[in-house]
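Below are structures written as structure tokens.
In the two complexes that follow, chain A is the common piece, with chain B as its partner first and chain C second.
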Partner chain A sequence: MSFYAIGKRTARKDSVAKVTGWEKYASDIYLPNMLHARVLKSPFPHAIVKKIDTSRAEEMGAIVVTFKDVPDKLFCPRLVSTPDATYKDWKVLTDKPKFVGEPIAAVAAETEELAQIALESINVEYELLEPVFDALESMKEGKPRIHDKIMLNDKIIDIENNVACRLELQEGDLEEAFKRSDIIIEREFRTSRGYHNQLEPKVAVVNPEPDGGLTIWCTTQTIHNTRLLISEIFNIPVSKINVKKLALGGGFGSSIQTNIVVPIAVALALKARRPVRLAYTKEEDMHEHSSYQMIFRLKIGVTRDGKLTGGFMENIMDIGAHQIQAYPLLGTCAGWWVSLYKLQAIKYVGVAIYTNKIPSCAYRGYGNPQVTWAVETIMDELAEMLGMDPIEFRLKNYVGERDLFWGQGPTVKSIIKSCGVEEILKKGSELIGWKNRPKPGEQKGRFRRGIGMARGYHTSSAGAPIPSQVIDYSGAILKVNEDGTVDYITGLVDQGGGTLEAHAKIIAEELGLPLKNVNIVAADSQTTIYDVCTHASRGVYAGGGAALNVARQVKEKIFKLASTILNAYPHTLRIRPDEERGQAVIYVEGLPGKEITLGELATLARIKNLGTIAAVDSFRPPACPPHFTGYFVEVLVDTETGIVKPLKVVIGADVGTVINPDLAEGQLHGGFIMGWSRAILEDLKYNEEIGDIECRGFIIDYKMPTAADIPEEIKTFFVETYEPTGPFGAKGLGEGAQNPAIAAISNAIYNATGVRFYELPITPEKLLEKLKEKEGRKLAVEDAVKLT
Partner chain B sequence: MRADYVNLVNTHTVPVRFMYHSPETLEEALRLMREYGGEARVMAGGTDLIVDMKLRRKEPKHIVSLNKIRGIEYIVEEDGGVRIGANTKLRSIEKNSIVRERFEALYEAVRSIASVQVRNMGTLVGNICNASPAADSAPPLLVYDAVVKARSIDGERKIKIRDFFKGPGKTCLKDDEIVTEVFIPYPPGDSASTFFKISRVSMDLAKVNIAILVKLSSNVVEDFRIALGAVAPTPLRIPKAEEYLRHKPLNEENLNIVEKIVSEEIKPITDVRSTEWYRREVSKILVRDALNSTIKKLVRT
Partner chain C sequence: MVKVQTEPNATLLDVLREELRISSVKRGCEVGECGACTVLIDGKPVNSCLILAPKVEGRSILTVEGLTRNDELHPLQESFIEEFALQCGYCTPGVLLTAKALLDLKPSPTIEEIKEALSGNICRCGAYQEIINAILKTSRKLQGKSD
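== the complex of A and B ==
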């Protein structure tokens, strides 16, 4: 298919503002008469506040709020699930902190320095409770209770053994499937906790309005859910709360929920009757959210000819001290698992466990990178046991076109309509030199080369043909200006990946507009219709679908209006971009002269009082089609230091139609680097003595690779597919871009060294230890041979 | 133990009240140091000090900045070595041709520190005065037998670099002393030196760092100096290893023994960056790698 705007490499509309520092993020918002806030946090992982004395802070003139001043109401900061699947265990400020860093009180003063002094003057007496830092420990009988009673929707529920929630699924006859199997493999996997390290730490600026309402500028992936939640907590009518849309410095899932800074700043602003700015430092941000640690037990059967039979998966998740979206995550993890490869029978047990750690939330891939790591490790092992090529083995079993797809868990099912898996694997293996890869574990010498691969996918949105437990729809407003440009008004937040740029191209394509004629205009929750959130790789697919939906309606209206003016039937009209005139031109095919530019048309409409051409509509994506990716990674292992270097990376992707090629490649590059980091570096380890993360929130001790650490060549390619339900055939990419990375890297390390890892990250320390163990044992065997 | 730092640290500001002094002469700076003594801190580039203050590891009441003092920013050859002033930025050292040609290990060490931005601010003198066990410039300065010049109102003191470090964050400097320069004697002719570092990512403090200097004479080691960092409370020379290898041929057997001595002489700990075991293991391989690389340099010239 040939496109005019889609697929072209163009400079982003926001690029100048971004590179010059002109772009406005939440932290750039300063209001006259504004106060600056600081939050008092628990220095203990599990405690009860016995006494709190804020008098000195108040004497200094600071505004102070404590747990006594906020609504005594449990809530869930994330409103993506339907109410019946929403577990509530949060309070704005608490008197029973459950992790180091949990907010207890907050102050606001004329400057941040004064707020800091006021904060330090608050005296708190704590009663200490025993903390627990390990999920498997925490769920044992007799452990300290982290939560007593929480709420599911509007029902109070009891928490036993720190089990936050659970989900069990079963399909088919697993016993029979295992009986039919020639090989059954069973492994336990343990992932690490990671920190999102999005560039922008959380910020909220709140302005109390004279009518009792609020205007809010904050770090968020969803302006509409933010206003719904603030309304719910503070009992302020939704319509009186306006949340402004701003540029976002990345999220990676950490702002799907409304960040705690927002309700805290609201509480302060309501009390002060003045604007309040609360900006977290990086250190505070790292005490606000992390990824989930998952402990999987995975058992899979296969017949001798390489057909998978059935599988069992246990997923124990350490969710930290609060639920953000543990329950839906239990569902998606099952979904990620069963939608990778065809299993005739499955059993899944998912349990989410509370610990006294920083609360976990979605982190790029929402469990998929972890599940894919486990499954793709096992697929690699099984292929070797069967003596089959790992790629051939995968092709024999993968879930592809026309198969049922579980997308975002058991309640979100649809049929796959586009799939480029085969092509990805074929081309990727050629580009990496798969045929010439070393045999696992056969190399000698200090430096060993290894090639590993893994494949995966992610959903594009959480859409489905029928309602599910996940809310997923978007909406947009499109209006034609008198100069022939259009204003695109959407509540959908661009996390920085260029989602709205893609929408602009979709609109330009549909309306035959020069790209520059699509204005992405300022928006807020008052002037837009509902969009759920920019997450689940839905920005281009679902949000772009909404943009296309209104563009089509606008086009129809344009033709209707133009038909009277050009004296032609609406259905005979066409529209094309005229770059020279800088306009869209509406014309009748084959009849020169029968044409009018969009600007002329809109102007005429005004003079003749015919109205503004505009459309507003919501859009529900009918499916959540998987976008597929394949990773091929070549590494070099230094067996004397355990240091692994990436030599060459090849990533193939099927995202349907590629709308922004540069940005799509960027997603893949970033996906690899993030995956590399999660595979070999990142781990928010706990220091049980202080009850806090070992790095104490200091980024200097939470390392991530920089440009100097990545391979010179990351080769990316896109295979051609067309998703019939997507805007101009497009699907998502953000999460699939990373999902198989960890697995491919760990398979490459195995290929180089013969050492398998079932625990992340694979640090040089761990790798060296395993290598010494292995080679040591080998030596011992050789010695034994000599002796006999 | 309580994690009070979650409330006390505020990296948006410097959450410490202090007086900032910006004297224009060294004499004035020395006078201020005498006056405020233990309550004052010298500041050069501030890339360690300001971070420490933000993290409340240090809460000085007075900061005496060296920034406005003229005449202490230089790299000059003199008296059989090179003198580097207290205000001299790491970036200038890395760009200096004498350093690059004659002090390879120092050049390699400085280049491995942080990023260009930080090296544009930070100084060599600040790096050693901060006395981190992992300070990257320390192992090279140790193998070159550098001399630290410190001044107070009472006069100047010359301190051998080997005597300078006293523990993590501790030097032998008195409260009122300011280091004015580091003097680095030329290494012996026909010798070569190398710096290596293992870290979590390329921009990071070391898990282990090492500098060695070798002079060969007809395949026998004539001079051998070795220093490691991040493996003990201070960066340290390993005299036992040096003595062992001197006047011996560089062969596999001797190399094994040197590695063994090094791994026995260091006292690494487990911390956020690595483990005791790992540090000991890779110290051995670093000795080997650094030697290999140095021999290559000798062969080349």
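== the complex of A and C ==
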């Protein structure tokens, strides 16, 4: 298919604002007469506030709110699931802190410094409770109870053994499947706990309006769910709350939920009747959210000829002190597992466990990178046991075209209609030199090279043919201006990947518009229709679907109007971009002169009182098509220091039609570096003695990749497929861009050293330890110690 | 030339953002690790969160606003746009200034030198490859070499 706008290399519309510093983020919003807020957070991981004295702060003139001043109501900050699947255990401020960093009180004053001084004058008496930090410990009988009662939708439920929620699934006869297996492999995997480190710390600016409503500027991936939640907590009519859409300084999942700074700032603004700004520091941000830590037990059977039979998966998730919708994650983890390879029988047990840690939320991939790491490690092992080529083994078993795909847990499924897996694996293996890769573990010497691969995917949206437990639809407004441009108004937030650029191209393509004529205009929750959230790699597929939907309706209206003016039948009209005139031109094929530019048409429509050409509509994606990726990684392992370096990385992707090739490539580059970090570097370790994260919130002690960590060579390619349910054949990419990275890196390290890793991250210390175990040799460090 | 009265303990970042409302200087980690608040002091890249404002009295400070002359983008800004060297954009002003300081010092840097210069600027979206390409391209542009 040939396109005019789609697939072309064009500058991002927001790039001038971003390179000149004009772009406005929530942290750049300052209002006149604004107060500044600070939050008093628990220094203890598990405690009860016995007494709190805020009188000195109030004497200083500060506005103070404690748990006594906020609605005594449990809520869930993430509103992506339907109410029946939403567990609520949060309060805006609490008198029973469950992790170091949990907000207890907040103050607002004329300056941030005064607010801090007021905050420090608050006296709190705590009764300390025994904390529990390990999920496996926490679920044992007799351990301290972190929550007694929480709510599921509008029902109160009891929490036993710190089990926040659970999900069990079973399909087929697993016993029989294992019986006819020639090999059954069983492994346990433990992932790390990561911190998103979106560069912009969480911030909220709240302005109380005279009608009792609120205007809110905040870091968020969803303006509409933010206003719904604030309405729910504070009992303010939803129509009176307006959440502004701004640029977001990175999200990676950390702002799917409404950040806690928002309701706290709302509570202060309502009390002060003045605008309030609450900006978390990085240290505070690091105590606000983290990723989930998961322990998987995975058992998979295979026959001698390399056909997978069935599998069992246990997923114990350490979710920290509160639920940010852990329940749907239990479902997606099952889905990511069963949608990788065909298993005739499955059993899945997922349990989410409370611990006294920072609450966990979605982090790029929503469990998929972790599950893919475990499954792809096992696939590598099984291939070796069977004496099969790992790629051939995968091709024999993968879930592909015409198979059922679980896009967002067991209630979101659709049939795969586009799939480029074979081509990705074929081309990727050629580009990396798969055939010439070393034999696992055969190398000697200090430096060892290894090549590993892994494949994966992610869903594109949580759309499905039938309603599910996940809300997924987008909405858009499109109107034609008298200068021949169109205003595109959407509530969908761009996390930075350039989602809205793709929408602009989709609209330009449909309407035959020069790309510059599509204006992405400022928007807020009052002037847009509902969009669920930017998550689940849905921006281009679902959001783009909504853009195409309104563009089609606008096109129909354009033709209808032009048909009267050009005196031609609407269905004989065509539209094309005229770059010279900088306009879309509506014309009758074969009849020169029978044409009108879109600007002229819109102007005539105004003068003749025919109305504005515009459309507004919601769009529900009919499916959740997977976008597929394959990673091929060559590493160099220094067996004396344990340091691993990426030498060459090849990433192939099937995203359907590629709308923005450069931005798509950028997703793959960014996906690799984040995956590398999760494989090798990042771990938000807890120090149980202090009950806090080891780094105490200082990113100096939380190492992240810099420019120096990128591979010497990185090659990306896109295979051609067309997704029939996507806008112009497109699918998503943001998460699949990263998902198989950890597994490929881990498999490459195995190829180089012969050592398998079942725990992340693969730090130099762990690598040296494992090498020592395997090779029984002394480490260079020990020799050095002996010499001194 | 700007005159500001400031507290002795105010950081340069505080003064630039809160007093002068230059919001291109981004607040990131505030401990000198992420580089989002990078400015050039007398041509050298500095984390403005680590410098006390009174220390820079009489010195020249460049923020990304100063890269543009008469509405014309600096070649670095152009290259960043052309090479898609930004995603969320939060690190971009700081990265641009680090890159400017590098190119002023070394008009033809090697890739290794670029990586080293950028080691204080975290781009969590991971656009490092594109950023390096944009800096190399600018270097060629500034020396009159065509692509």
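In this text, the second predicted complex is superposed on the first by the 776 of 788 C-alpha atoms of A that agree within 3 Å, B and C clash if a C-alpha of one lies under 4 Å from a C-alpha of the other, contacts with A are read in each partner's own complex, and residues count from 1 in each chain.
To be clear about the criterion, contacts are C-beta pairs under 8 Å (C-beta built on N, C-alpha and C of every residue); 3 or more make two chains touch, one makes a residue touch a chain.
All of these numbers come straight from a predicted model, not from anything done at the bench.
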item	value
Which of chain B and chain C A:G496 touches, first, second, both or neither	second
Touching partner for A:Q198 - first (chain B), second (chain C), both, neither	second
Partner chain in contact with A:G691 - chain B first, chain C second, else both or neither	first
Chain B versus chain C as contact partner of A:D154, first or second or both or neither	neither
Contacts of A:A279 with chain B and chain C, given as first, second, both or neither	both
Touched partner set for A:M704, first chain B, second chain C, both or neither	both
Contacts on chain A seen with chain B and repeated with chain C across the two complexes	279, 281-282, 698, 700, 704-706, 708-709
Interfacial residue positions of chain A with respect to chain C in the complex	11-12, 14-25, 27-28, 30, 196-201, 247-252, 279, 281-282, 495-498, 662-663, 665-666, 669-674, 698-700, 704-710, 714
Contacting residues of chain A [partner chain B, same complex]	38, 40-44, 100-101, 112-113, 116, 119-120, 279, 281-284, 287, 640-643, 681, 689-692, 694-698, 700-701, 703-706, 708-709, 764-765, 768-769, 772
Residues of chain B touching chain A in the complex	1-13, 15, 51, 55, 198, 200-205, 272-275, 277-278, 281-282, 285
Residues of chain C that touch chain A when the two form their complex	21-31, 33-34, 36, 63-65, 67-68, 73, 77, 80-82, 84, 86-93, 96, 114-116, 118-132
